[in-house]
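Okay, so chain A shows up in both of these, paired with chain B first and chain C after.
Right, the complex of A and B next:
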């Protein structure tokens, strides 16, 4: 019984130790939101028809690094009720190849709908919502516009790495699946 | 008898008048001389004061010029430090209007580093001496990040150098 009490006390102390102060938590919240804003900019660059192929490919690599491998992106349209899901790399490639002469993509109103919360495995998980305004236009007069609301699952994990012989602990923010929740004109 | 006495009296009186008049003239002359002396002394004092004032102003001007020169030298020295130069590159890349200009700045900035793979650590918060970092990156990726995102959110807080003066590690801190 004594051993059990000691073990539970140690476990409680470990759990308390793992808790982070509001100031540090706020910094992590901001870091995760910044990663979403970064993705927004990368998507805008990839979709932009003026971006050279080599630059778009480099940016795709950087954008892909933001995600947990295997993550999917939902794609919807006003002409169909279906939402298609693609692996993020495939989504970027399709975005780059869109059959418009001008594409403008803008994300706005980026905010948490579910705060980052610590899970039993030590990771922090939360959900961020964004609104995406898409505008595509062709020289032959073809135009398409829509606004999509999307939910992005965010995972934040404490990791370690070696830099010049020192162990550096850092917060690794990774994005999960991006799900479409609304599509409107 | 009376007439003789009167003449003597008149003579004495005239003499006394002459003496009195002589004394008065002498006094006037002395007073004039004293006034002249005082005027000359005042002029000399004024001249000395003006000279001292001019010398003081000259000294102050020289001191101000020396201080300005020192400040300018310090500013130039600070601007030429690797941290200042790197900060200028960060701002130039993030604020660049076109990709070719940003790429040119990236190439120049990379010449400050021992390798394009130089690690970049970003402190997102610090509490009680404990630092929270973003995922470490490399200087090449960070410079491209500035070009793509067009935002410079961090300040340079530490640089490490090798023997030839090239940067081997960068620590940045998130601006508040």
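Right, the complex of A and C next:
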């Protein structure tokens, strides 16, 4: 029993230290960035006032597929410490319903990708940071603009699929909770 | 050694990189490059584990934990607006951290760092501040953040007592009367804490879990986060997020203290956790 316990403790320690090779990490980072870029693109389409409702709804469906179920956006502003939490779908719907006649969403050409850490269930988790500039304008001259930092959770998992009778292993990336902070830039 | 000697070369590196690829929003983007955007980036910059673009260095890379690189980064990891810690103290800290024989590096998975999370809970219709102290704990195949301590004024007021004066007590022969005088002890709820041992310290986390489980405390939001580090031998520093204009932004060292003895360390730890010394 003692030997069994030592063995299981050792294997747990080894598992906690199991690291992804630098080459693999680079490939996963690229995949994560691809998903983040997809999200950025979808947000720009949903926020665009010229996008027809049916198209925006379809894009919201695509955007939702990037996330693990239950993902939330935590949004705060410079004027208050309070954070409002929305399910991602609700966040997209609010973005679509914003009362501006023209909306311009621009993404800064900068990102930061954290290390990947293993969580108790064996999946890896990381955070990608990106920055967004939002400008809204109404016909009556009302203007609003802000710059937000978006810290996006990414989950990385090794999955298996059957293709023509062969089992293929691959790394999959899904997005999770996003913290949205207004910056003073 | 002046800190500007650390900071300037790094900003120049950022400027060079950004000039190369940006147009109209150059100023803003330069700021974002300089910003320590994640706690993860603070670790990497402190340890000298990434280049100026944020690309990671690995142990096999020549520049990994390079002392010159670390020297450049460490100067820009302090909150420049804080006059509470002197330039001399920062230089002394940098000297210890960059010691060639025994460099001080931060380890994400090692003990010796704690998150202090300010939260707001609704209790009986009123918003109340609750501080949660969190630590990383190994579990099964990986790690997770767990609550190690909790503090809130809503609980602490119930345990305030003056142990210097002779207050109310149960006399030393109470046991012969089957402690019947406990009835009188519990008549006044205000003085009941006087009957607890002088060595007693309240465990707020237990109370907190009880109240949440009973449905008496409803989580609202996280209002602020900072970190306490004891990983560098002989030093304590605090890490906070600075969201403000300029280049000295993001996760920066907001407090720094030299701790000479284990006694100093323990006193500081108790102060952070609001434990009575």
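In this section, the second predicted complex is superposed on the first by the 143 of 185 C-alpha atoms of A that agree within 3 Å, B and C clash if a C-alpha of one lies under 4 Å from a C-alpha of the other, contacts with A are read in each partner's own complex, and residues count from 1 in each chain.
We adopt the following convention: a contact is a pair of C-beta atoms (placed from the backbone, for glycine too) under 8 Å apart; a residue touches a chain by one contact, two chains touch by 3 or more.
This is a predicted model, so every value here is computed, not measured.
A.B. asks: Contact-wise, after the overlay, does A:59 reach chain B, chain C, both or neither (first, second, both, neither)?
C.D. replies: So A:59 only meets chain B here.
A.B. asks: Considering only the touch criterion stated at the top, classify A:171 as touching first (chain B), second (chain C), both, or neither.
C.D. replies: A:171: touches chain B, not chain C.
A.B. asks: When both complexes are superposed, which of chain B and chain C contacts more residues belonging to chain A?
C.D. replies: C
A.B. asks: Can A:110 be said to touch chain B (first), chain C (second), both, or neither?
C.D. replies: Touch partner of A:110: chain C, not chain B.
A.B. asks: For A:28, decide between first (touching chain B), second (touching chain C), both and neither.
C.D. replies: first
A.B. asks: Between chain B and chain C, whom does A:119 touch in the aligned arrangement: first, second, both, or neither?
C.D. replies: After superposing on A, A:119 lies in contact with chain C but is clear of chain B.
A.B. asks: Is A:181 contacted by the first partner chain B, the second partner chain C, both or neither?
C.D. replies: The answer is second: A:181 touches chain C but not chain B.
A.B. asks: What is the contact status of A:163 with respect to chain B (first) and chain C (second): first, second, both, or neither?
C.D. replies: After superposing on A, A:163 lies in contact with chain B but is clear of chain C.
A.B. asks: Pick one for A:149: touches chain B only (first), chain C only (second), both, or neither.
C.D. replies: second
A.B. asks: Could you look at A:85 and tell me whether it touches chain B, chain C, both or neither (first, second, both, neither)?
C.D. replies: After superposition on chain A, A:85 lies in contact with chain C alone.
A.B. asks: Could you pull out which residues of chain A sit against chain B in one structure and against chain C in the other?
C.D. replies: Shared contact residues on chain A: none.
A.B. asks: Could you please specify the touching residues of chain A with respect to chain C in the complex?
C.D. replies: Against chain C, chain A makes touches at 12-13, 15-16, 18, 22, 25, 74, 78, 81-85, 108-110, 112-115, 117-122, 127, 129, 131, 133, 147, 149, 151, 181, 183-185.
A.B. asks: Which stretch or stretches of chain C touch chain A in the complex?
C.D. replies: Its residues touching chain A are 21-22, 25, 28-29, 31-33, 37-38, 40-41, 44, 54, 56, 58, 60, 108-109, 120, 138-144, 220-224, 243-245.
A.B. asks: If we count contacts the way the header does, which residues on chain A are in touch with chain B in the complex?
C.D. replies: Residues in contact with chain B: 21, 23-24, 26-28, 30-31, 34, 38, 41-42, 45, 52, 55, 58-59, 62, 159, 161, 163-164, 168-173.
A.B. asks: Mind listing the chain B positions that touch chain A in their complex?
C.D. replies: Going by the criterion above, the answer is residues 99, 119, 121, 124-125, 127, 132-136, 141, 144-145, 148-150, 153, 160, 168-169, 174.
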